[in-house]
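Right after this note come the structures.
Two complexes come next, and they have one chain in common, subunit A, joined by subunit B in the first and subunit C in the second.
Now for the complex of A and B:
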């Protein structure tokens, strides 16, 4: 066994030990607490830790744990996707990148487990009565959770440590990664069920407030799936932007052009992943918000119009920062794409749209006024700008922001490309794929348009005369269906760009300018329908992304290039944007965690178990900002330390950051995958020969 | 060579910021005045203008830094101005600009720390937290029980039954609510529930305009029941500053009368109450 193997083995035991310890201690704690619920009186409802308020301790530990949790659950999703892309396209860059992400994951995993153990200790120690109640409801889940944790840790280490040895069985290895994600998602779902139950408890005896249902009922609360979906997407975005910051730091510290090229590319891919996760998030958040409102109008009001409304303005700032920052990174990146200067004139228009939308996105309905301004306006609302603060305006502009971001990606993608082979001369596969995508779009739009057109207003508790309000969104969906046919037809006659423009143009017109304005009427006279308007906008927007991307792929299929993308030629300030994006999403996750948890106000379990501690009040936004900032510093501090440790072992194993075997990437590689000095595939060349010949980055893999 | 002439980036950026400021400070208030038919411009609050100006500055910074060429061109007049001697008019301007920097910082420090009588800008909670006891209330008149309708039919001698009687009952309740509204609420809330009652002019913060889709259309009926019952006095502490002159009607009305008034509020303003949504 060489030294590198020894280092790996130590890492394995160190990480596994943390996992075992965490699971064991969780079980050990759970047993006496469960015993207590069977008759032993719990003397203290609350305890403190070294004079620090219990809430502060739990808040901090839970948030940092959740940040690590988001990272270790988000990264495997796109790591395995990247690995699968690498296996499918035979592009070794993706394989290496996936491996690099998983390396970070394995280092962060044990920290997540340790923080989970600390959180469990803190909860059981500081909130014994609350945890006794939760244990009574979820004790079976606790054991399953611990067992799943074993499964996930074993799968993770198997996935990581067999990366090289299973290169000959790449797809089996990919499935191992899929299994890792299955465990991770189930784990996340179980943990989310606790949060869901605390916000929307079910099967409660109204007299005794005791839980009378089954474990299954306790898990499947009304907010369970909204939280699941929101967190899943959030984790992908979170993992992407953290990966981006990692790449940026590595890029800034890179000493060779080869390393710069690699980390520049990693930063780009990470940003892409972050944005991909971010795009559906606003709608998932909207869905969750509506469901929160459905559970309790008090929580709903507190969230958007009450105590947390200003916190949502801060959230708007952070979300806007994420979108604008991602776009900015792309625009700067166009500087290293030969031929992209053709599109630089468009940037100012995209930027103007993004900024106007951002301005509307963060305009509150209820404006900050001083008394003089209040007198001048004769009230709290500005007669015209107040409309910008309403949900309908927000829904319209967030869709416009997403579509503008998508447009930036389109420009970036076609930056160095001439026109490709005319679509009519492409094979039948292209036609089948485009028609299939068109059929999916038609199906989605048609299904929902038909539903709205025939919907009975009574379904929404609306009077029968409100049926007319359903026709407008239905009509727009039908119009968009027609545009699907037109766009595909134009592509078939080699006018794909016109098809894209028409589809996007009509989409923007309907989503932003028609439904955005119509939403104000809906809010007033048929409020429950606003949810359907939002879904109409979202589904149309998603078909824009799907259809236009597919057309774009074939528009530039086989296109000649103006030149290779000059990876590694990004100005240093562009990397600070990646770091800023990372900070923005960490702050955002902290802020949203505060809102979700704070909505319960002075209830541990909403409406069932009241928080009678001295800390049962809603903290101010200033307190929240300090606490979330502390979490940000702690998380980034620990994660930097963990990544630094990863780098140490890397130096010991092979030396350098992959520099010795790293090559400038000149374009997609369609060759075999090199495995530890042997190329797997038709051509059995050595990895070095292959990478030298094709310009492949090859990170170190000490064997 | 016939190269297209364009405004230098630096001056283009300065002009953009000036135009944005003029639009929000002067033009938007005039357009707002035209839209709502007022006789005086309706200014945007300073806090909002500041937010928009920060966005504009961020936008300009993004624009000039997307390429190093633009950045260089933007900085050129600034560097050109500051690089040079101290003699002549340009030199004096240069020295003046350099001296202005610490003066500006000093002024900012002074203005942020010196005692001031300027009124504070307040952020206000739009929908304070409704107490739990009101949350689950249901308006019994919105979808009345058969017994309640039959009782009303017996009392009024209405000729009809089934859905017809139910509709007539709801209409009657709204009509009664309108009567109660006009007597008790109209002075402040206005005959059309748009916050323009004759007494509203005497209030510093005028009553909410119920025809605004962001007010009563966004809350459930029990919310209004709470506001009518407890008025400004029942507002929770966290909702301050809430400059409300709403009286607490408490027991002045029966519970049923309060529901009638609520139905009239929605009817007069043309809004629909927010429904306690079904869980999906």
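Now for the complex of A and C:
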């Protein structure tokens, strides 16, 4: 065993021991509280911590813990995906990148555990009565949670430290990564069940407010899965953008062309992952919002039209920053792609669309204003613009923003390519894949179109004569089905670009301009149907992404290139966009946590256990922004410190940057191009390209 | 060379940190602006006295009515019927809610065979929102006198008066005489009642007339009217008690007299301010704007304190109502006072 191996082993024990200690501490503090619920009366409802209000302490600790949690749960998902891409294509770049991400992960894991312990201490100490209630409901889950924590930490360390030794059993190692994600997702689900119960408690005795159900009922509350899906996607986006910021800082400090190329590529992939997680998020959010509304119309209305309506304006600023920033980063990146100048003219139109949509999304929704406040705002709502703040307008523009971002990716992807091999000359595999994707699209569109066409208005509490309003969205879904057939047919006769244009064009027309406007009619005459209009838009948009990207893969299969992508040639300011994106996602996660938690208003457990502390009021958005900013500074500060420590360990091992740990491969390497979250197709690269520090094999690190 | 690498990385890191703080500064500035223009920073005034003014505040505030209902041109909510008259709208949305309520009440009477007034209809839409849903709208309105909104009888009455006043005039008597309002109060009493088997039995039978004297007489040992209003008489430091027995249990009323800090009424939470000059001022928050904070002391005097002069602002758990009534009042006086309060339904 050499020195580096010794350092690693020692690190493994240190990290494992820390995790074990925190889990033990968690169990130790849980036991007395659980015992207390068996008979001891807990007299103190609230305490303070060194004069600081209990809410501030919990807010800060919980938020920073959640940020770390999002990072350590999000990164393994795409790390193992990248590793699998590398294993499948034999392109070691992906394996290197996955390993670099996991290295950051292992360092951040102990911090997450430590913060989790601190949060548990704070909750049991500052909110004894509330935690007694929660322990009474969830005490069985606490033990399972602690055990899962062991399972996840040991799997993580096994995954990380066997990276080299299992190179010959790569797929077994990939499955180890999958197992890590399974533990992580179950852990996240259990923690989400607590938040879900606090918002939508079930099995409560109305007389005594005591919980009368089973643990299973307490976990499976109506909001559990919406929170699970929203957080899962959010974690992927979060991990991606954090990775992007890491790459950006390393890029800015890189001295060699090789390092610059490596971190430029890492930044690009991270941004891609971030956007891939971001795209479905608004719809996961919409689903969650809808379920919140179903649980309690009071909470639902308070969210979008009440106390938090202006918080959503601030959220729109952040989400707008994410989409516009990601697009801008891609456009700047096209500068290093020979041939991409062909598409320069299209960018100004995409930019205009994004800015207009952003403006509409920023338009405030309903506001709880009293006369004095109306005077402050300078009068009543604008007769026209007030409608832009309604849900129908917002649904239309978010779809348009996503489709425009997708279009940017298409342009970026085909930047340096000539036309590929005609589809008719491609093998049967291509035809089977395209037809299968088409069949999936037809199934989704057909199923929902059929449902709407035959839906009974009584299901929506609507009179029978409103059935005619269901026909328009159903008809558009059927039209889109026809376009699936047309687009695939055109691709088969080597007119795939026309097929793409028609499918996207009809999709945008239906989703944005027809249903966006029709939504206002629906809001007036058949309001409950609006959520189905939103789902219609979403399903059509998803088929646009799926079908058009699949056609695109085969359109450019085997295409000749104008030249190699000049990795490492990005201007410095482009890297600040990656840092900005990282900040926007971190601030957004804090803001959304504020809204989700704040919806309970003065209830710890909604409608069951009231918050009677002096802090039972909703803070202003300014207060929220300051608190979340403080959390961001703490989070990024600790992350930087942890990453710096990781760097120290690397120096001890005698390595340099991630790129320096590799050596250049002489010869072409086949590699995938990621499109919309999947890696498909073969892409030929020359040895010159690889000399940019990209096509590289890992050396025997630390041996 | 290695030194050069290190210094380059360090400079990049420092530039990144500066960038992060600059962006945070912009973000916080935007949040401050949004807080300011949304009126969030200016909220906090509390209307006292049951009436349309209090009802308006509840409509746009605690009751959350405005998140679903527009009021004529005010608001853009469309989930539930507009409660104002909208010029050019399809009938009946072009006439005021009180006239619309009269039409709906007539239909309701025909349907049920029971007499309904416009006021009955308005109250019923709060008491049992699913009873007679307007066509085209979903049966999704919450019962606002139950948690989580949980309006009390006074607040319900204020909202009803506010809606009466939209296109008509507020009529408190029509509300208090409404059989639906009686049902609502009975529902509230059930909601706040103690578990069965703990029915209230006074130790002594008090005399309400003597209790009324104790309440209103400025020379009585506990001149409650100095702070509380009953039927238009009294101060505004504490909550109005005109209908207190209709919405609160006897046990709760007794606890409020003997232990005023046990459950402080919403909107009457005390605050303690420490000024930069080391002056301590306590009282109930009556308003707040960007520059100042308004506090009403136990004498009913409102004092405006500039925020720039405030060193500390701390919410208090101790009510400003005296907590020594058990020492001041005799057993008989206490029961007389309680007997009087229990007549306030």
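Definition applied: the second predicted complex is superposed on the first by the 648 of 703 C-alpha atoms of A that agree within 3 Å, B and C clash if a C-alpha of one lies under 4 Å from a C-alpha of the other, contacts with A are read in each partner's own complex, and residues count from 1 in each chain.
Keep this in mind: a contact is a pair of C-beta atoms (placed from the backbone, for glycine too) under 8 Å apart; a residue touches a chain by one contact, two chains touch by 3 or more.
These figures come from a predicted structure and were not determined experimentally.
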item: Simultaneous placement of subunit C and subunit B on subunit A, clash or fit; value: clash
item: First, second, both or neither for A:643, with subunit B first and subunit C second; value: neither
item: Touching partner for A:579 - first (subunit B), second (subunit C), both, neither; value: second
item: Touching partner for A:124 - first (subunit B), second (subunit C), both, neither; value: neither
item: Which superposed partner A:614 touches (first subunit B, second subunit C, both, neither); value: second
item: Subunit B versus subunit C as contact partner of A:207, first or second or both or neither; value: second
item: Touched partner set for A:624, first subunit B, second subunit C, both or neither; value: second
item: Partner chain in contact with A:524 - subunit B first, subunit C second, else both or neither; value: both
item: First, second, both or neither for A:314, with subunit B first and subunit C second; value: second
item: Partner chain(s) touched by A:469 [first = subunit B, second = subunit C, both, neither]; value: neither
item: Subunit A residues contacted in one complex by subunit B, in the other by subunit C; value: 296-298, 301-302, 305-306, 309-310, 364-374, 376-377, 380-381, 386-387, 389-390, 460-462, 466, 523-528, 601, 607
item: Subunit A residues within the subunit B interface of the complex; value: 222, 290-291, 293-298, 301-302, 304-307, 309-310, 324, 328, 331-332, 334-335, 344, 347-348, 351-352, 355, 358-359, 362-387, 389-390, 392, 460-462, 466, 520-521, 523-528, 531, 571, 573, 601, 607, 618
item: Footprint of subunit A on subunit C - complex, ascending; value: 4-5, 8-13, 15-16, 19-20, 23-24, 27-28, 30-32, 34-35, 37-43, 45, 56-57, 60-61, 64, 66-68, 70, 73-79, 133, 135-142, 147-149, 195, 269, 315-317
item: Parts of subunit A lying in touch with subunit C, wherever the complex brings them together; value: 207, 248-250, 252-255, 296-299, 301-302, 305-306, 309-310, 313-314, 317, 364-374, 376-377, 380-381, 386-387, 389-390, 460-463, 466, 523-528, 576, 579-580, 583, 587, 601, 603, 606-607, 614-615, 620-622, 624-626, 629, 632-633, 636, 640
item: Partner subunit A, residues of subunit B touching it in the complex; value: 28, 31-32, 35-36, 38, 42-48, 51-52, 55-56, 58-59, 62-63, 65-68, 118-130, 132, 135, 195, 204-206, 208-209, 211-214, 217-220, 222-223, 238-239, 243, 270-280
